[in-house]
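Sharing a structure, written as structure tokens. Questions coming.
By written order: A, B, C and D. Residues from 1 in each chain.
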């Protein structure tokens, strides 16, 4: 990817698991702080269009990004700030895209979560749910044709997106072609305001795996260790040629659908279930229980990411907005085939 | 009291639900939540069991509507954004639009499409799709430009025995206001002279009507009298009213917010050129959005779609010919 | 439906099962004879467009039609001549539509297998695979809203159609709405020339049932008794409010995809498997083994349906073709909203 | 030796596969079977692993092509019939067509659409879809009318770094023959004067070019010299060549086989009316298919689409003005 994911300074003589966990935690923290920042910019009217957060989904998302390597393909969805950072997307990309900087990867043409670097394996999502999965398949098939082995593709989506025809066609396609696709479904209980009871009627979305011929696994999306283990294992299986993988995570969206939405429709009872805990808090508790980090360390880490985010924002605030007069208004790469209008 | 374009859409649905037990609404988040734009707010509570949340399955939403219509119901389906109707495209143009012609069984469904760009909307939440649907036989395509039409045309859409693509412009939702709901309306298929004039005809529809009216106001200060024709529905397209206007003015500018290849502006100008060639004193002109996806950033978005200044410039050029 | 399905003359003191079987057999026979007739008309160049046969699938198809009652909804696909007859579609409809009679239900506007009487519950398929299922859902939902209870809807499709997004969206929709949908998949090993190995990768399409929350059952599609039992049971469960049903039948398409196709790609080995037997022959063997019919009776029945088919053809051959000058060329029922072109 | 339009398409694919390891073909039954129309016959055997059967999943077919294109491949996808591309509509217009504009990554995919009516084809195996795709930014839409163009334009479609919708007309597949494959061709985006004349310009594309040529022959016996312009690609659309022809003849008839609302004929006439108004001696005219689905029965089908007699009648009317 564009640069390599945040690595913690060595904390002495740590196990690989501990190192991974620490790295994951700090990426989650960065994602959360960044998301919170976007939320407050949104409230201040500083962002054009919607803001979509990954609050409550950082453990799962970061595990997706960390399960991947350079050269893999990643198709994040709207709640994958953590996974993007873990895969190596620079913070600058997120900030520039949300603020519409002309220097961002989308150059003001597209915004918020619609960003990526397709050539580096980070696909830039279109809005239509389910539509990115077959694109991942295509990238994986191309690699196979080119004789590139050992890379995988990982696509994220929500419970709601599983109802799309595109999801179905793509999963079936991956299975038929035996592609190393890891399909991660974040069942966060809601699709916008729609609860899962109005979205599907199977006992668990994991029941879909057998119908495609996928290997399936389920994970508590609020448990970072579990997410890291499950996602790494799924990616490893795909990498080893054991076919496509479905991972279904259970968690709760701890925010509105977008920041315009107060999520009043989420039952208070649901919010207080153990499965609804905040994965970031849970991992902080875990860090302390394991004595992998104490309160001052956690505070220092937070201060560090806050500073990083503020610096990035300060930089981007000084960047130019796109200029319609400099815009070339060509939709084709073959300019001679573009029609001149007016 | 005043009522917005969006409220008019809500009231029309409430009235349709109230007056006709065959009407129901189906779409993502339209139930207790009241829809992404609140076009169905409170309707689920007022009409229990008749305003149903759909899974994220636009193809199946449209298919279900056709099946219910066969059984005599009059479903309204809401696409969360017009852009997502691409997923239902097959069911709309091949299933709904062909049903009557093939089987003699009418297909009274209404497909509500929140259309058009808004600041920050970006390529996938901003599209105008009227031209795509109007191309296919078997569909009626409405593009209301006023609060009154949003109300009365939606009621007619539900009453018509054929599939209606109801293109409601998101930019007008809260911005456009009227004093009260209308009690009468022009028949479907009739265009409206939104403003009378004798120097130039601007043909527009949906949100472009408002832009055209701004231009007419502005050019009035320069002494020009601009006639603005609001097409109201783009299929059927009221060629007669357009030609009668061009007969008065001799000059035609057609403005659309869709992509430039094809679309309403091409159809209007082709009809006038073929059927009313002699009415034109000078070459007709058209103005569309640019030939790229709709950009996200407000700076780019504002330059992508035709707005009053660009329309005024085109109008002045035409007037000087 | 439009008229009531063929009933055999009482054969004395028969059990209801025997009566059903006999009725089913004679409908299968009629379908086969009719199909064969269309095939020979096709070879003689007498049919415009394609001819699609149900050869080898009559047992499954007839069981679908017989599991339904007047007032139910039926969405047959291209190989359901037997099911259509069983549901009550007149032979005239098939013949008129294939020969393009102006008096047929489609009036020459649509042809061959694209026919129906939607208001009588017999949907007229569009070509796009998977697209009819959600239409059945809509009809069933409408009935629920109107307070009509006790009717079911049955949709047929092939193994290939299960790969469509439309299939997925519709099955999920039926499950969410708990509609009395019976989804019948005829896994006839091929979608046109494409074998199932290139179509899906699950062990059995039955594995899809759990993923939707459908009740699932499998049946040998060449065994008429089994088909009758399985389909009746599925329809009964749906009728009793036990939610949507998936029935997957295994069989082999004993013809080309259409009559233009010689099916040379079907492996001879496959054709000689027991699961590939001809269901019509198998049921004749069964009839004889049970002594429910002897050879002369079978011959008489065949003669009878041949005559029926010949008579219908003779009648339709005298019927007018559609006249473009009488055609109104209106696609809307609201004529005043149709645009006049030219 | 002679070669058909269909064989030209097959040969172009063979050559593309042969010359460029990045090319592969994906579509239903395109492998060992060679495709519903045999456009890929023998290619799977000649190019093992590069001509792949797809499941009945048009959406995923198009999505896969985009993903492969991102990785530098140049996929050709075959829709079994153009009509089934409605199911891939979203991936084509929102995924493929926006990729370059959004991300600067080119999207060199070719979508082959077997288009147009044939006797007995019916509403779902006969559609012309060029207007739908041409409406969207980011796509090139080709409509070859000759064996030579079928060959050379398909090679160019594969070579172009953008998504190309390649509309091949089924009626021409076996009916149209040429002596040999071309070694050179007009550049993409250039229309062709298929026949020179000075009395009337008939603009046509795809199978309508053949009809127009029949009409030109016929009217020649009456002393008229008809110029026939073959658009070759409808996006980009070569307005210059059309206008230069109209400048010579003063009369314009535009013929398309698609539905009458919108489409190529509207676009051509609107462009000429706006940009070349003064070139027209008499009102331009257009001829399209009728505004109903395409009928199955040959009697109805023949009346639904424009054919030589109807075109000739329209041409005579125009010539007498």
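The working rule: a contact is a pair of C-beta atoms (placed from the backbone, for glycine too) under 8 Å apart; a residue touches a chain by one contact, two chains touch by 3 or more.
Bear in mind the structure is a predicted one, so any value in this text is a computation, not a measurement.
Colleague: If you check the contacts of subunit A and subunit C, which chains show up for both?
Modeller: The shared contacts of subunit A and subunit C, listed by label, come to B, D.
Colleague: Taking each chain's centre as the mean of its C-alpha atoms, which one ends up farthest from the centre of subunit A?
Modeller: Of all chains, C has its centre farthest from that of subunit A.
Colleague: Rounded to a whole Å, what is the gap between the Cα centroids of subunit C and subunit D?
Modeller: 36
Colleague: So, what's the distance in Å between the C-alpha centres of subunit D and subunit A?
Modeller: 41
Colleague: Would you please write down the residue numbers of subunit D that are in contact with two or more other chains?
Modeller: Touching at least two other chains: 54-55, 57, 59, 83, 86-87, 90, 94, 97-98, 101-102, 123-124, 137-138, 235, 237, 261, 290-293.
Colleague: Which residues belonging to subunit C are in contact with no fewer than two other chains?
Modeller: 106, 109-110, 114, 126-128, 163-166, 169, 172-173, 176, 198-200, 330-331, 338-339
Colleague: Examine which chains touch each other and state the graph shape they make (line, ring, star, complete, other).
Modeller: Shape of the chain contacts: complete, all pairs touching.
Colleague: Considering the complex alone, what residue numbers of subunit C touch subunit B?
Modeller: 73, 105-106, 109-110, 114, 116-119, 123-124, 126-128, 131-143, 145-146, 165-166, 169-170, 172-173, 176, 330-334, 336-339
Colleague: In the complex, go through subunit B and note every residue touching subunit C.
Modeller: Against subunit C, subunit B makes touches at 24, 49-50, 54-55, 57, 59-73, 75, 90-91, 94-95, 97-103, 105-106, 137-138, 140, 160-162, 188-189, 235-237.
Colleague: In their shared complex, at which residues does subunit C touch subunit A?
Modeller: So the residues of subunit C in touch with subunit A come to 163-169, 172-173, 175-176, 178, 197-203, 205, 207-213, 243.
Colleague: For the complex, give me every residue of subunit D touching subunit C.
Modeller: Per the touch definition, subunit D meets subunit C at residues 28-29, 31-33, 36, 53-57, 59, 81, 83-84, 86-87, 119-125, 260-261, 287-288, 290-293, 295-300, 302-304.
Colleague: In the complex, go through subunit D and note every residue touching subunit B.
Modeller: Listed in rising order, the residues are 83, 86-87, 89-90, 93-94, 97-98, 101-102, 123-124, 131-132, 134-138, 235, 237, 258-259, 261-267, 269-270, 272-275, 277-278, 280, 282-286, 290-293.
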